[in-house]
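First chain written, first letter: the chains are A, B, C and D, and each begins at residue 1.
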Amino acid sequence: MDKIPVGVLGASGYAGRELCALIEGHPRLELAFATANEQRGATVRIRGRELTYVSSEDARLGDAELVFSALPHGASKEWVERVRSAGARAVDLSADLRPGNGCEGIVYGLTELTRSLVAGAEVVANPGCYPTSILIALAPLFASNLVADGATLVANSASGVTGAGNSPKRELLFAEISEDYRAYGVGNEHRHTKEMRATLESWQTNAELVFTPHLLPVARGILSTITVPLSRKLDDPLSPWRDVYAGEPFIEIAPTPPSLREVAHRNVVRISATPVANTRAPMLLVTSAIDNLMKGAAGQAVQNANLMLGLDETAGLPA
Amino acid sequence: MDKIPVGVLGASGYAGRELCALIEGHPRLELAFATANEQRGATVRIRGRELTYVSSEDARLGDAELVFSALPHGASKEWVERVRSAGARAVDLSADLRPGNGCEGIVYGLTELTRSLVAGAEVVANPGCYPTSILIALAPLFASNLVADGATLVANSASGVTGAGNSPKRELLFAEISEDYRAYGVGNEHRHTKEMRATLESWQTNAELVFTPHLLPVARGILSTITVPLSRKLDDPLSPWRDVYAGEPFIEIAPTPPSLREVAHRNVVRISATPVANTRAPMLLVTSAIDNLMKGAAGQAVQNANLMLGLDETAGLPA
Amino acid sequence: MDKIPVGVLGASGYAGRELCALIEGHPRLELAFATANEQRGATVRIRGRELTYVSSEDARLGDAELVFSALPHGASKEWVERVRSAGARAVDLSADLRPGNGCEGIVYGLTELTRSLVAGAEVVANPGCYPTSILIALAPLFASNLVADGATLVANSASGVTGAGNSPKRELLFAEISEDYRAYGVGNEHRHTKEMRATLESWQTNAELVFTPHLLPVARGILSTITVPLSRKLDDPLSPWRDVYAGEPFIEIAPTPPSLREVAHRNVVRISATPVANTRAPMLLVTSAIDNLMKGAAGQAVQNANLMLGLDETAGLPA
Amino acid sequence: MDKIPVGVLGASGYAGRELCALIEGHPRLELAFATANEQRGATVRIRGRELTYVSSEDARLGDAELVFSALPHGASKEWVERVRSAGARAVDLSADLRPGNGCEGIVYGLTELTRSLVAGAEVVANPGCYPTSILIALAPLFASNLVADGATLVANSASGVTGAGNSPKRELLFAEISEDYRAYGVGNEHRHTKEMRATLESWQTNAELVFTPHLLPVARGILSTITVPLSRKLDDPLSPWRDVYAGEPFIEIAPTPPSLREVAHRNVVRISATPVANTRAPMLLVTSAIDNLMKGAAGQAVQNANLMLGLDETAGLPA
């Protein structure tokens, strides 16, 4: 079968490189172009094939049927419009078009939750890494009306440093990160908070969220630990996920809390849940692990692209 | 001035070795004996001095004025009794005598909160590492009546692997821990939960706690991230700590969330707090960092011993 | 096409698990049994499939056409004999049958150098990880008569900790290995020295070797740095490798020194060479990187098995 | 006793910060100024004291009796001259004034080997980190005439990433360094090679050196592994070091190869040596570990300054 040409804007960052690698290994996609303005002209090896970066201005957007944008937040939106003008579809990995950012009517690609919308979309806003780990974990509880009325959900997440990108910053040097750990964006100030709050609103819940991200001395992975006040006790704490996610190829329901190693380099969300002992009202402790560059970025982007292009949703994705 | 002889039971673990190092560097203490049953007869270098382990049975407990027990949970209690019978005072680093473990009338050595009791005690139960990071951070909010009635406090903590001890276990091998991160003891099942709940009860609050520990790929350090529903809004979110801990040599109040590197090898609790935006009721995000082997174990034990022996509380302790 | 049944003895160690994963992903092999005496009855997930360990005694050796033994040194030899008695071929990953260990007539599976012998062998001794990185890097220099007469080759290697196995040992705990680095087996005392010396002898050279292994705070990978006194100056320092290894699917010749990340999870040897400036006699600095669990163990074992079974040499192997 | 004012030029790098910390903890020195052009005006906490960086142009050089320059290579030389013009003595941590860089008549501060010269010097060139680990380890063999005539010494060193400075560079990001290891400056091309060769020449030996540095995924520390062809066999391989370094406070002679953890945060060189088995001519394997920021930079600089200022050589230095 002929391969479908796709392009990558912003291909030299961690998510961009992961995208290129997934495309190179994809049975039905081929890379039409990969842009990296600062490194234009440079050649890199991805999965054994040589790839030469071009500038975004030089990319022939119309050569691609679909373009992934891994450009920085703020810069991406304009390029998605250019992609559209050139007649190609787009998956935007930046925050520009996500819920809570003032963009209306863009399909939000939490694939397992918005599959049918994604399949028909011209443009998909690919979710943030933290929202992917948290919202996919929480959705079955809301779907089953299990979250207590007026509940405050407390989500603590810890991310590997590839989540902070590969721009050279002193605070991301090995000698600064190793043997360290810290919270950042505290007080609901992280960019992803509004993305999650807007999504929760769209689910018509009055639950509120307190979200605190942390920076881990690991290269990749996100673990989210979430307390959820329940509307009623659950006999089988994993049943909401088993019900809602039955047959999902990229959801794993685990009897014990997941760890980053279990999901590394895989396009999955691994979820567990445990009742909290000794609380007055029933409460659930939900844990959720993803690879931030796979299901948290490039993997989910390809999963969405597969749907948009009418391909097998799992094509080219390591589960 | 003459030095005061002290002993260490269980000196080959991480906390025990840190204790020996602090004692070797202490201006007023000297090591009468250090026990390590499995390694008895072995010689180690601590701060340039050679130290030969004896078995606990062979230690002359009465030679010491005060004995630190870093023996395993369960085994320690009996040895504290033997120490008492030999006429020495004791600081017990195990969980055996801490609140919530069925022992009445033992002074709990959260030094900044129980200083006067510690000074007169014959036996002090040295707090767990997680409780130290959480309870010292929370106390000023309770002291100032700032915690909302019936509040649920959610405490997520992450600890370096020395917290798990140095017994050889497969899951603690470098190749298993590096690039990994996970929650454990989920659902309020960790041993330290009851220690904290019992202490909260003694503070006569009806607040409840959800505690989830995590294992970090770092050698040492604990960071706790705690959401606290407040009874009223705070103009200055750090004022409760400034009021209660003014002049404390081992408490640091930080304008931004603390990190593990900032407290490594130091006997301090570094605390910050930020209001949480966009919640219906006022809520505070409290972060607290300690070195689990120093303020979380050996350092606080020496701080307590200094008080018990009438020495300067800061003697021999790196702040 | 029907799959060929193979077995794995000692499947719970790092090499054994990597073997099982390669077999599960192999287009022509299937796993007949996997043994792990201490964990017999335990079920693990390998590439999404569940696998239950049996004891070696309970394994039906004859059900397999070929058996990989990843049993400990000393214990493996006897089991290779049992495998032979049961009518199956064997690839032995232990040191028992390698050169220098008193076993005559066993084919040594440095695949690129002994391909034709491997193809016809009933039993293959799979090389050690360090010897693989060093001997495959050095062979072209000997083949081209480029090593100075009577030369002393100095090989310094550094290995990730999976090379030390996954038995729980205190010195391999995360808190001991992180931020550390050390030499071991100094003075030509490491087991692999005699394996390499015996192989060099078989190459009929009078060159001698000084080998010093080191332990790295990484999970996987070996980098070897080797100084080689040359018989004559080389105009193109990479030409010996280009000549000897032309077309080899698992050899990479690199213009700059290879790094561990470049070979992680890949069955390759990545080699570079640079003339040493300012020496009286010509000298070459050769660097060589492998993944110790892939080309240094399980990957090369499958490469050898592919040849023994008449399959495509690259089947099931990530290059 | 009054404290002696000293200054630090280039105080925001890793070596500069270590210098400031040593000075803050020094019983006889006090910090007159600390410069950091890019961060001028910024305040940092060093050992609990606040320190505000000034630009080098604004530093009143004459206020100091001695100035440490941790400025970049190339920029330092001019500032040492300015320091001299202002009437202060100088310890230069850059490579500008070291042997092999075209500067004649500057005292090279390998303290244990050049103590009397350092004591009377106005300017001292502080040795590079690699040369410190290698030359202090090798000197006793040359002093005792134990190195074979015309020998080629092969020195492989591995350094933690603080050795590469704290300028933000992509290749030093945590996500690039962790789980990686590589050689660099191969072929005797590293800057420190000529520093070592010039020093060996000054020792009037015809021995030649092949030096290969490597980059380790640790924050600090250097381990050097050196093969030395001997002029004769040694009955006691450690005797040369015991003879030459008897009573040295900062030299440790170890029965087994040293590791980075053993020297972290300490101003020592820890050295071991083992005969190499099975070589035609006698050969010794020497291993040497230092903390690159202490004995490899700031610690040795303070050690030299102590001598220049007539203070106890060990003052303010952790051994």
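Operating definition for what follows: contacts are C-beta pairs under 8 Å (C-beta built on N, C-alpha and C of every residue); 3 or more make two chains touch, one makes a residue touch a chain.
Computed from a prediction, not measured in an experiment: that's the story for all the values here.
Chemist: Is the contact between chain C and chain D built from the same residue numbers on each copy (over half shared) or from different ones (under half shared)?
Modeler: Since more than half of the residue numbers are used by both chains, the interface counts as same.
Chemist: Tell me which chain's centre, taken as the mean of its C-alpha atoms, is farthest from chain D.
Modeler: A
Chemist: Of the pairs A-B and A-C, which shows more C-beta pairs in contact?
Modeler: The greater number of contacts lies at A-B.
Chemist: Measuring from the mean C-alpha position of chain B to the mean C-alpha position of chain C, what distance in angstrom results?
Modeler: It comes to 46 Å between the two C-alpha centres.
Chemist: Between chain A and chain C, tell me the centre distance in angstrom, where each centre is the average of that chain's C-alpha atoms.
Modeler: Spacing between the chain centres: roughly 38 Å.
Chemist: In chain A, what residues contact two or more other chains?
Modeler: 176, 178-179, 217-220
Chemist: Are the chains arranged, by touching, as a line, ring, star, complete graph, or other?
Modeler: Graph shape, chains as nodes and touching pairs as edges: complete.
Chemist: Along chain C, where are the residues that touch chain A in the complex?
Modeler: It comes out as residues 48, 178-179, 319.
Chemist: For chain C, which residues count as touching chain B in their complex?
Modeler: 14, 160-162, 166-170, 172-179, 217-220
Chemist: Under the stated contact criterion, what part of chain A meets chain B in this complex?
Modeler: Spelled out, the residues of chain A in touch with chain B are 150, 152, 154, 156, 158, 176, 178-184, 186-189, 193, 197, 208, 210, 212, 214, 216-221, 223, 225, 227, 229, 257-261, 264, 274-280, 283, 285, 287.
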